[in-house]
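Before any comments, here is the structure.
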Amino acid sequence: MDKEALLLTLRLATITTLVLMILALPLAGWLALGRSKLRYIVEALVALPIVLPPTVLGFYLLVGLGPLTALGRTIIRLLGHPLAFTFSGLVVGSVLYSLPFAVQPVVAGLRSIDPRYLEAAQTLGASPSRVFRAIALPLVKSSILAAAVLTFMHTVGEFGVVLMLGGGIPGRTQTLSISLFDQVQNFDYAAANHTALWLLLASTIALLFVYGRSLFRRNSDA
Amino acid sequence: MDKEALLLTLRLATITTLVLMILALPLAGWLALGRSKLRYIVEALVALPIVLPPTVLGFYLLVGLGPLTALGRTIIRLLGHPLAFTFSGLVVGSVLYSLPFAVQPVVAGLRSIDPRYLEAAQTLGASPSRVFRAIALPLVKSSILAAAVLTFMHTVGEFGVVLMLGGGIPGRTQTLSISLFDQVQNFDYAAANHTALWLLLASTIALLFVYGRSLFRRNSDA
Amino acid sequence: MLELTLQGERGRQTLEVHLVIKQPWTVLFGASGAGKSSILRAIAGLWQPPATRVLLDEKDISHLSPDRRRIPLVTHHAALFPHMTARENLLFPLKGESTALADELLQRFQVEHVRDSKPATLSSGERQRVALARAIASRPRLLLLDEALSGLDILLRTQLIAELKNWQADSGALILSVTHNLSETLESADEVARLEDSRITQVGPAREVLSDRREHLLHLLGN
Amino acid sequence: MLELTLQGERGRQTLEVHLVIKQPWTVLFGASGAGKSSILRAIAGLWQPPATRVLLDEKDISHLSPDRRRIPLVTHHAALFPHMTARENLLFPLKGESTALADELLQRFQVEHVRDSKPATLSSGERQRVALARAIASRPRLLLLDEALSGLDILLRTQLIAELKNWQADSGALILSVTHNLSETLESADEVARLEDSRITQVGPAREVLSDRREHLLHLLGN
Amino acid sequence: QAKPAPKPKTELHVASAADMQPVFEVLAPYFERKTGIHLVINYGASSVLSEQMISGAPADIFFSADYVFAERVVSSGMADSTDAIPYAKGTLVLWTRKDSRFNPLHLEVLERKDLKSVSIANPDHAPYGRAAVSALQKMKFYENVAPHLVQGESVAQAAQFAQTGNAELALISETIATSPKFKNSGSFVLFPTYVYPEIRQCAVVLRSSPQRDNAHKLLDYILSDEIQAHLASLGLHPIK
């Protein structure tokens, strides 16, 4: 088990999930509850990152954030170095890649809220943003949970984007998925099994923790 | 544009989505509406395929479905050849890899159904399976749609599993994501951009078609 | 005939109810929070406290699930399936049987004009009538009404009560209803059961059981 | 004072309503499907047909969104937020103001015993009372009630009507309510408006506007 | 918690063609003992690696499995030499598992009509794949084998397909075939060297590397007489 890679992976997955929840919840709210006709186009666009193979997405990011584009040059001027092959670069790539998994379950949840709750909150004087935060979001918490779990797990297993954008620098961009891949590529199956098992175990425990809470919560119902 | 790869990819994504919907809907129903305590464990297990990098999942499938295991030998005896390097092998890999995306949004949707609808259906004499099919599923159709879109798109972009399990046989296992990867690798950026653009365009149209329908449906509401 | 023996926790109280229903239409009367809805849910099988026995026509149905009991419970919420039109809602318990019956019921409950509307666009009284028709369509032995007529104006209510009584005469089915509406009770009840302090304290004709309320109402009406 | 001029399609009919409300408590009376709920929704801003004008205290609020109008609409559905306790529901419009007021309201509406319960475990009458208290907590100029008292037994209803009238006397707020219940109307209404054939056909004291129903009821009560 | 911090190791980032994996497995510990430099190696198909170099991946030295991909890095101006530096010659072999029906193994099995699957490395990405295609064509096996070909991304993946039993035969590098794992689980035969263009494995030191000295130390070590003489036992031929 590569402890450095494990920590890096958990850090990447956590930050990506946090960033995505901050981005995805308002976006999902706008898509599900907004009135602009534009949102159907945006909704289709949001689903797009996943149709590109991750490696290709990674490649476009590599080029797009690199010194060959204006955006990339701006970033380089601001940071002093390109985003590629840095941890922040991985975060950008992972956020983009997992965006649909974070947005869509929440949109679906919000769409099926009984509108009477939202109306009641409005007539009591709550602003749209308060209605969204205090009523809509709590009502779809199981969808938010699903979105967060999918995002987190998906980032833990993320490979293609990291491979292209990361360059496999231990401690900085070499995630567990890369080192696991390396172990398999290097015919070091014992180590690979060990890593994979550990990954599965840690994830199972994390997930049981997430879902196990419902196990107790649900008991209070009739 | 590699037309053969495009058709293969669409076929793979369609079949995977169909298979997954057939598997995932009852599974989601059991997870969300069932009473067994076991389901919290199963729910955690269902999320697991994504934490393994796709290449590693592909590798384990390569070993697990190959002649080194009892399962693999049974398959080989039945089919006359290993699942690896075949279209069916890719379907198996993609189904496993996309399972959580198909199951979780639906579970979240089912969990937030107002129980009174299900109770009403029961007291009218509908069996649990009829309640599920005729009431629960239609009530979460936006979640099912989200799950199907995620599954389809995710399979279109699937790379790691296909790379490990496919063997890159044109017309049989060489999907668009692989040929796109090849083009990038061969520094054939013009072709790669062309393919990627085409992929994005086709997906956007498909998605607009899916979401555009809501554009008209929603208008009838108050 | 329905015989219910129920013992179950509900909020701060423990319901201990023994109730025998023989008259065609029985109204269960009691204060808000007394446990009326809980009793109806226990009969339908939607609430199954351990020490509960339900006998319907001498058959013990205590251990059957709600769909095996098939005792529809119509509440004020109506619970019409939102993805189906009014007519499709009626066809649900009919399971592809003659659609003529569905149309006839829609007419008898005066909602044929919303036949092809989704529940979201119905008025609350329209919704209730469709829910009543849907319950009848399932051909139950026993029908439970939880404030199911309270969304209707007086004239319509009188007509629907007559309609329901006709149906009872034809089918021999029982009705157990809950309402806070005195005039509705007087119009419909063959017998009234009074729920007080977690127990059934009185069963008998409406005028007797509800004499105090009647006084109050007469006073209001200025007599 | 409220002045409403409404013109809008509803199902098969076109509502054309002009309604001026000056009395503290006005009851809107009309058949099921007549358009009563639609009128309340238009006043609250939840339905905005193009040619509608709403004047509240001479101020034109026609183009304000529901949250800017702040006219709570309590329906039989109650729409209590399911993830909050009864008390948290009351605190919602209070926005962190003194929780004492919330507790006082819970007590005045006789639901202090379910203070920390989630709506799913309340009886329907309890839910209605919490919803009423929550609406009051938002300190509205005008309160809309759509069959909001129909889930309460007669005695409790009498007490709550008195409670609401007290509140009106203190705050000067208006109430516009919809009910099919005659005794409720007689108890509460300062004035009754009658909706018929998509129009307001009569406005006046309850006894006059509803004299035909009153006869019917007296007959039922056996006088 | 006052553990003395371990002395920071000098780490050299190496990008290496997949066929070199068993070679570095053996040589890296010697090199580290001799110089104190720890090698962090990223293996892949030569073309994938070269592309990463060109896109700026921060490696110090790149070992390609051929001349072309190393030269590509040179021509994009990222190498510190004007030409790619050859360090070994590779050998192509045919490998099969011990329990396969093709034992005893000889090249003529590629003529058999009942082949099911033969794995090679991707000829566009991996020099050993290119060599494999050329060998099959020269020996007139290609027509017969083509319908059964499966491709791995790198020579390592091609080997893996056969090692897991999914492919029956594999055309791979001798370096992998002679590594302990493959020696134990299978057998191999060499292709005659004239049926494929010489696999001239070349390396470049990256100009942007902060430790070009150390990178050259590694390259010099590989090129030293001692190691060159040792290469044959690792499945490579000396370059000189």
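As written, the chain order gives the labels A, B, C, D and E, with residue 1 at the start of each chain.
We take it that a contact is a pair of C-beta atoms (placed from the backbone, for glycine too) under 8 Å apart; a residue touches a chain by one contact, two chains touch by 3 or more.
Every value quoted in this text rests on a predicted model; they were computed, and no experiment measured them.
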{"item": "For chain A and chain E, chains touching each", "value": "B"}
{"item": "Neighbouring chains shared between chain A and chain C, ordered by label", "value": "B, D"}
{"item": "Longest centre-to-centre distance from chain B, chain (CA-based)", "value": "D"}
{"item": "C-alpha-based rotation, chain A on chain B, 0 to 180 degrees, nearest 5", "value": "180"}
{"item": "Chain-chain pair with the highest tally of contacting C-beta pairs", "value": "A-B"}
{"item": "Centroid-based (C-alpha) most distant chain relative to chain C", "value": "E"}
{"item": "Centroid spacing, where centroids are CA-atom means, of chain B and chain D in whole angstrom", "value": "50"}
{"item": "Euclidean distance of C-alpha centroids - chain C vs chain D, Å", "value": "26"}
{"item": "Separation of mean Cα positions, chain D and chain A [Å, integer]", "value": "45"}
{"item": "Inter-centroid spacing, chain E versus chain B (mean Cα positions, whole Å)", "value": "36"}
{"item": "Residues within chain E bordering two or more other chains", "value": "157, 160"}
{"item": "Contacts with 2+ other chains: residues of chain C", "value": "75, 77, 121"}
{"item": "Sequence positions of chain B contacting 2 or more other chains", "value": "59, 139, 184, 222"}
{"item": "Interfacial residue positions of chain E with respect to chain B in the complex", "value": "45, 47-48, 51, 116-117, 119, 122, 124-125, 149-153, 157, 160-161, 164-167"}
{"item": "Interfacial residue positions of chain A with respect to chain D in the complex", "value": "116-117, 119-128, 131, 134-135, 138-139, 141, 221-222"}
{"item": "Residue ranges of chain C in contact with chain B within the complex", "value": "44-46, 65-67, 69-73, 75, 77, 79, 81-83, 92-93, 120-121, 134-135, 138"}
{"item": "Chain C partner contacts - residues on chain D that touch it in the complex", "value": "11-12, 30-33, 35-37, 75-77, 113-114, 117, 121, 123-126, 129, 146-147, 150-158, 180-183, 186-187, 207, 213-214, 216-218, 220-223"}
{"item": "Chain A partner contacts - residues on chain B that touch it in the complex", "value": "37, 40-41, 43-45, 47-48, 50-57, 59-60, 100-101, 104-105, 107-109, 111-114, 139-140, 142-143, 145-146, 149-150, 153-154, 156-160, 177-178, 180-181, 184, 192, 196, 199-200, 203-204, 207-208, 210-212, 214-215"}
